[in-house]
Each structure stands twice: as structure tokens, then as C-alpha cells.
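I've put the structures underneath this note.
Shared between the two complexes below is chain A, which has chain B as its partner in the first and chain C in the second.
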Partner chain A sequence: MEEFFFYLFASVTVGLVLLMIVQDSPVASAMCLVGAFFGLSGLYVLLSAPFVAVMQILVYAGAIMVLFVFVIMLLNLKEHELVYDRMNLKRVVVLFIGLGLFAFLTKLFLRIPKVEFAAVEASFGTVKEVGRTMFVNYLIPFELIGILLLVGLVGAVLLGRREE
Partner chain B sequence: MPVVLVAIIKVVVPLLVILNLLPLMIWLERKGSAFIQDRPGPNRAQILGVRLGGLVHSLADVLKLLFKEDIIPNHVNKIFYLAAPVITLFVACVTFIVIPFADALPLKNGGFFTFQAADLNAGILYTLAMTSLGVYGIMLAGWSSNNKFALLGGLRSSAQMISYELSMGIAVLTVVMVSGSLSLNDIVLAQGANPLTWNCLRLLPACLVFIVAAFAETNRSPFDLPEGESELVAGYHVEYSSMKFAMFFMAEYINMIVASALIVTLFFGGWQIPFVDTATLRDNADKLVYYSALGFGSFSLLVGLILVTKFKKGYYGDSRDYEVLVLGVPAILVGLLLLVGTLINGHFYFGTEAKQIWAALFQIGLFLAKTLFMCWVFIWVRWTLPRFRYDQLMTLGWKYMLPTSLVTVFAAALVMLLMSQQDQ
Partner chain C sequence: MITIHHYLILSALLFCLGLVGLVVRKNLLIMFMCLEVLLNAVNLTLIALARYFRVMDGQVVAFFVMAVAAVEAAIGLGILINVFRTRQSVKTTDLTALQG
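Up next is the complex of A and B:
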């Protein structure tokens, strides 16, 4: 049963991400990405991390992607304004390098010996445990990440500000 | 697989309750607006003379929407145009599964039967996530319609929802902090049976912020700018007709019911009956059933008698004359049956389990009554307040509600810290 759901969510995620790349319309791309986030969220649930799963939907699908779609809609691109990628020699070479890298990684991946992981305890992944990990065990790294994000935010505002 | 069966029942029954509340809500909206604007409201539609005070209009609407021609304009983006109402309705319908309708029943095997479809560990986050997804339906409807008014409506809606989600989330955070849990049933339990300890009084600013944000999230007046008909015709659903329009319409009312249920759960004690905790309620369930049967019987009898005395032949000159009899006589009969039956039967004697089930039924009843009252508040506000201007909406969201909710979180945290230090 678990395996079935894993393959279901995994194929949904991978399939929608592929669809996102090949899509012409930016809004359709964004919606495929939203769908892929749902697949990811399902995978998190299978990994007994319900909190991360809900956060995935709440933050990525519910907030960040809404902003993405909002901006895309605000630009309101017309069909003829979209630039389509054409195949040329450079792109073909890059494609083959990418495929080679993929084959190499697959080969490495298949060599990894199978390891049995210990089962996690029942409280793993609940809000309480995540909170304890973040705010007790790793408080200083957590705060540092917070400051880093704040710096990024201020930087973005500064860069995006209109020249007076 | 009885577990699966129970799960299906738990999902389907509340969904049916909410779907069946829809015509009632539409009736309430129409009659409420009529009452506020001092006019009679809908009273024409009839089935063999029976009008039920305008309720039949809802039925007529359903038939009209079902049989209207389903038009798909040529200039729309078909996939998203068709998906948008489905997304909107789906998101509106899945939110309620974490809302508890009554206290959990203890089972013989030591477990509990919960009156919510899923007692998620992160229940309140789930509702927030689902409400934040609701914006996709509206945005896609606006964009795929390929129409200036619809696009503006969709943009307005998404900007508004993003702005108000923040204050809403922080208001919820205050509740979570005070209750010490993200599970909605625990939040209800933490509020206790005494109305003075309910969150609406303990956390008044958070409660006000949440209610205002809920109005904005459901796109209800005074925040209904996405469909402001004076500027945008009908906003994001201007290109929709027939059942696809009806789905947006249904989603709006379901959102309203779910938002009311959430407000009641978070701030007005959920299923808690004022001054009666679950244990007392379970002990006295038999008396309560006895007296409420008597009360309901006499109420039904009284209403029936009033209706029957209004009978006057030839007032309308057609079958509508007999409406008061068609409604009044059964009401009298039901009332008499209940009264006589209860009095002959005397006191009820229930076993423990029957008492628990009756107690749960009373809690469900009170929860629904509170929810309906909050729905009435939604209608009341809609027909009383004028619509905001767009800059006023943004000012209210960012400059007033966000600081208020932040200060509330800070103050609540400070009070909790001081109280925990006093205990030591």
C-alpha cells in the first residue's frame, strides 16, 4: 500500500514538473508546479512528516505560487510576446552533456548498497517534535537562517526600489 | 472494513449537512436583506400553493441553473476555464473535515469516536492551507476568461487574500499559543464550558481580526471588491453561466458556512454548551431530552395553531389559501404527538451509551446553531455596511489589522510568560 502511494505521488510530482518545463503558457507552467507541490506534500506524509507536508501546501502552494501567478497575470503576456526556444548546435551539445550527467548519476545511484533504516518513533514529525528541534536543539542556526532571510528581504526591497 | 466505512460516513454526513444548509443560507440572505431593507422579500414561487416563506425560491433557482444552457465562450482558455469552478468548490468543501462537531465519545475498547472526519495533528494549519488555495480558483477564473473585468477581479481577489491571510494566520497563532495545541478539538476543550473563558473574550483583538479577515477571505461584503458589480460587472465570474456559475455561487456560501464554523470553533467555544461541561451534560441527558421534547412539542403546537388561525378562504382565491393549513395541521399533529407521547412515557431512562449519544447530539445542535448565527452575522454585515474602496481595503489590512494582530501575539505571550513565572 505504501509503495503504491509512493509511486503514485512520485510519478505525479515528476510528471507535473516535466509538464511545467514543456508548457508554453507561463500560467499553465505555474499551475503544473502547484500540482507538483501536492505530489511532494504527499511524499512528506508517507515519510511521516505531516507538519512539513502541510507547510509545503501552506507556504509554497498557498503563498509563494499565488504571488508567482499574480505577477504572471499582471504581466498578461500575449501569445506573440512569448519567446520560443529554438534548437541550435549549442543547445544540442548542452542536452547531450545533461543526458551524460544523468546517466552517470543513475549509475552511481544503482551502486548504493541497500540499507535498512530503523523505524522512527510515533512522535516523529509532529508539530511538537519539529518545534522542539527548531527552537531548543538548533535555536541558533534557526535564528541565523531567520536573519539571513531578513537580509535577503531588505536587499530585494533595496534593489527593487524605484530610483528617486 | 468497518474503519473505512466509518471514515466515509464521517466525511459524507457533514458534507451533506453543509450542502443542505446552502438553500437555507440563500433563503436567509434574501429574507435577511429584505428585512434590513424593509421589504417583503421572495414570496412568489410555490408548489401547489406551498411557499414556505420563500424557501421554494431556492428550489426554483436550482432548477433554473441546472437547465440553463451551458455556454463556453470562444475566447477562453478551456482547460483552466473549466477547472476554475471545480477548484473553487473542491477547496471550499474539503476544509470542514477537521472541524469537530461534538466532544469525542469514549468507546468500549478504550479509544474515542471523534466527531470530525480527521483529527489532524496540525488541524488548524490544514484549514489555513486550504483557504489559501481557494484563491487559485478565482485567479484562474479571472485569467482564463480572457476578459478585462474578469482579470481585474481575479487580481483584486488574489491581492486581497494575500494581504488578509497574514493577519488571519497571526490571529490563529494567538489562539494556538493560548490553547497549546493545533488540533481544533483541543482548542475547543481548552476554552472550557464557561463563556467567560472563551477565546472571544480572552483574545478579543485576535477574534475581531480573525472575523474581519474571514470576511475578506470569503470575498463577502464589505470586502467583495473582486466582484464589485458597479465597477467590474461581476468580476471573476462574469463569463460563467449555468452550473459553472452555480458552483462559484455554492462555493461562496460553503466558504461562508465553513468560515462561520471556524470562527465558532476558535473563538466561541465550538460545541461547548455554556456552563454545562460534557460530563454534566452526559449525566443529565435524559432530563434534557424530556424537557426539550416537551419544549419542541409545545413550540410546534403553538406555531401550528397560529398558522391555522390565519386561514381565510378566498384571500388569494387559489391554492395559496390552503398553505397555512398544509403547514399548520402537520405542525399541530407533530406537536401533539410529541407532547402526549412524552407525557405518557414519563421520564426517559437511558443507558450510559444512549446518554453519551444524546449529549453529542445536543452539542452538534448547539454547534450548528452557533454556526448559523455567525452566518447571519455575515449576512447582517453585508446588507448593512457599504463596500470599501480599494486603497481603504489595503490600508485596513496592512496598517491596522497586521499591527493589531502582532501586538496581540506579543501581549498574549507576555501574559503567558508572567503567569507561568507566577506558578513557579
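Up next is the complex of A and C:
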């Protein structure tokens, strides 16, 4: 059962990311990416991280992708700007570099001993447990993230302002 | 049987896809989306390893990565709108002021 769901979510994620890369239109790309985020959130549930899975949908598929779609609509791109240029030698080289990196990472990861996931208690990954770790062990990083969000907010307002 | 390898190799695949997309595409919007894929691949690694070692820290760090991704998207798209205002284009081939 777990295998079925893993392969389902994994193929949805990888397939939609591939589609996103080859799409001409940014709106279609954004929609593919939203689907890929849903697949990833399914994988997080399989990894007993329900809180992060919900956050994935709320923050990524909700907030970030809505921002992307808003910007795409604001830009109002013309048809000729969207053309996806053809395959050339440089791109084939990039593709092979990517494949090489994938092979290298796979080889590296396969050195980890192959054991089954040990069972965890039912509370693993729930809001309560994640919150306890976050506010006990990671309090200062949490506060820094708050400051970062404030800086980002001010920066976005400054960048978006029209020059007088 | 699904082991840690499945998740790590999947995240390596996602990372490489995002990286190739980032280099291959010329549209700044889609390059930004590829950047999000890169961050998500790392998040998947963090959560898989959190499950493997049975500690919660990975999930907390993944949560922080999400917050950073949100800030990055907001700032990046703000810059993108400014680029479009001055250049009337979001293709990297049209951004040649630095002779790149």
C-alpha cells in the first residue's frame, strides 16, 4: 500500500515538474508546479510529517503560487515573448551535466545502509511535537525568520513602489 | 519496501530537474519556479532524513526553508516587475546591459 502511494506521488511530482520546465506559457507552468507541490505534500504525509504537508499546501500551493500567478497577470506578456527556443548544443551539454550530477548523488546516497524505516510513535510530526521542537530548541532561528519576513515585506513594498 | 533510498534518489532527481530547468529556460518567471523546485527537493531530503533518524529537527528546518522561500519569492518577483518596467521583457537574452 505504502509503495503504491509512494510511486503515485513520486511520478505525479516528477512528471509535473518535467511538464513545468517544457511549458511555453508561464501560467501553465505555474499550474503544473501547484500539482507538483500537492504530490510532494502527499510524500510528506507518507513520511509522517502531517504538519509540514499542510504547510506545504498552504504556503507553497496557496501563497507563493498565487503570488506567481498575480505577477504573470500583471506583466501581461505578449505571445512572442513566450516562445520556447529550440534544443541546441549548449542545452544538450547542460542536460548531460544534470544527468551526471544525478548519477553522482545516487551513487552517494546508495552508500547509506539499506534498512527499513523504524516505527515512530503516533505523535511524530504533529503540530504539538513540531511546535515543541521549534520553540524549545529552535527559538532564536524562529525569531530570526520573523525578522527576515519583516525585512522581506519592507523590501517588497520598496521594490514595488513606482518612482516619482 | 520503501526505504530512505527511494526518497533520497527522488529528491536528487527533483534537484537535478530544477537545476537543468534553471539553466535551460530563458524566461525569468519559469527560472524562479525552478528555484522553488530546488528548495522543495532539499525539503524532501530534510523530511526523509528526519523520519530516518526519528528526530523532529528536520521538519523544523524544512519549515524555516519554506519561510525563506516565501521571502525569496516576494523579493524576486518584486525585482522581476521592476525589470519588466524598465526593459519590457522577462527574457534573460534581453538583459544585456552588463554584456553577459
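Here is the rule we go by: the second predicted complex is superposed on the first by the 149 of 164 C-alpha atoms of A that agree within 3 Å, B and C clash if a C-alpha of one lies under 4 Å from a C-alpha of the other, contacts with A are read in each partner's own complex, and residues count from 1 in each chain.
Please note the rule applied: a contact is a pair of C-beta atoms (placed from the backbone, for glycine too) under 8 Å apart; a residue touches a chain by one contact, two chains touch by 3 or more.
Since this is a predicted model, take the numbers as computed values, not measurements.
For the composite obtained by overlaying on chain A, chain B and chain C can both be accommodated side by side without a clash.
Once the two complexes are laid over each other on the shared chain, residue contacts for A:Ile145 go to chain C alone; chain B is not touched.
Within the superposed three-chain model, A:Ala61 lies in touch with chain B and out of touch with chain C [touch as defined at top]. Set against each other, chain B and chain C differ in how many residues of chain A they touch, and the higher count belongs to C. Applying the stated contact rule after C-alpha superposition, one finds that A:Val94 touches chain C and leaves chain B untouched.
In the overlay built on the shared chain, the residue A:Ala118 is in contact with chain C alone; chain B does not reach it.
Of the two partner chains placed by the overlay, only chain B lies in contact with A:Val34; chain C stays clear of it. Applying the stated contact rule after C-alpha superposition, one finds that A:Leu74 touches each of chain B and chain C. In the superposition on chain A, contact is made by A:Val127 with chain B only, not with chain C. Using the contact criterion defined above for the overlaid structures, shared-chain residue A:Phe51 touches chain B and also reaches chain C. Closest approach of chain B to chain C, taken over C-alpha atoms in the A-based superposition, is 14 Å. Shared interface residues of chain A (contacting chain B in one complex, chain C in the other): 51, 55, 63, 67, 74. Remark: chain C residues 1-10, 12-21, 23-27, 29-30, 32-34, 36-37, 40, 43-44, 47-48, 50-52, 54, 56-57, 59-64, 66-71, 73-75, 77-82, 84, 89-91 touch chain A in the complex.
Taken together, the chain A residues at the contact with chain B in this complex read 25, 27-28, 31, 34, 50-51, 54-55, 57-58, 61-63, 66-67, 69-70, 73-74, 76, 126-127.
Of all residues in chain A, those touching chain C in their complex are 2-3, 6, 10, 13-14, 17-18, 20-21, 23, 26, 29-30, 33, 36-37, 40, 43-44, 46-49, 51-52, 55-56, 59-60, 63-64, 67-68, 71-72, 74-75, 77, 81-82, 84-85, 91, 94-95, 97-99, 101-102, 105-106, 109-110, 112, 114-118, 120, 124-125, 129-130, 132-134, 137-138, 141-142, 145, 148-149, 151-153, 155-156, 159-160.
Contact residues on chain B toward chain A in their complex (touch as defined above): 77, 79-80, 120-122, 125-126, 128-129, 132-133, 135-136, 139-140, 142-143, 151, 154-155, 158-159, 161-162, 165, 182.
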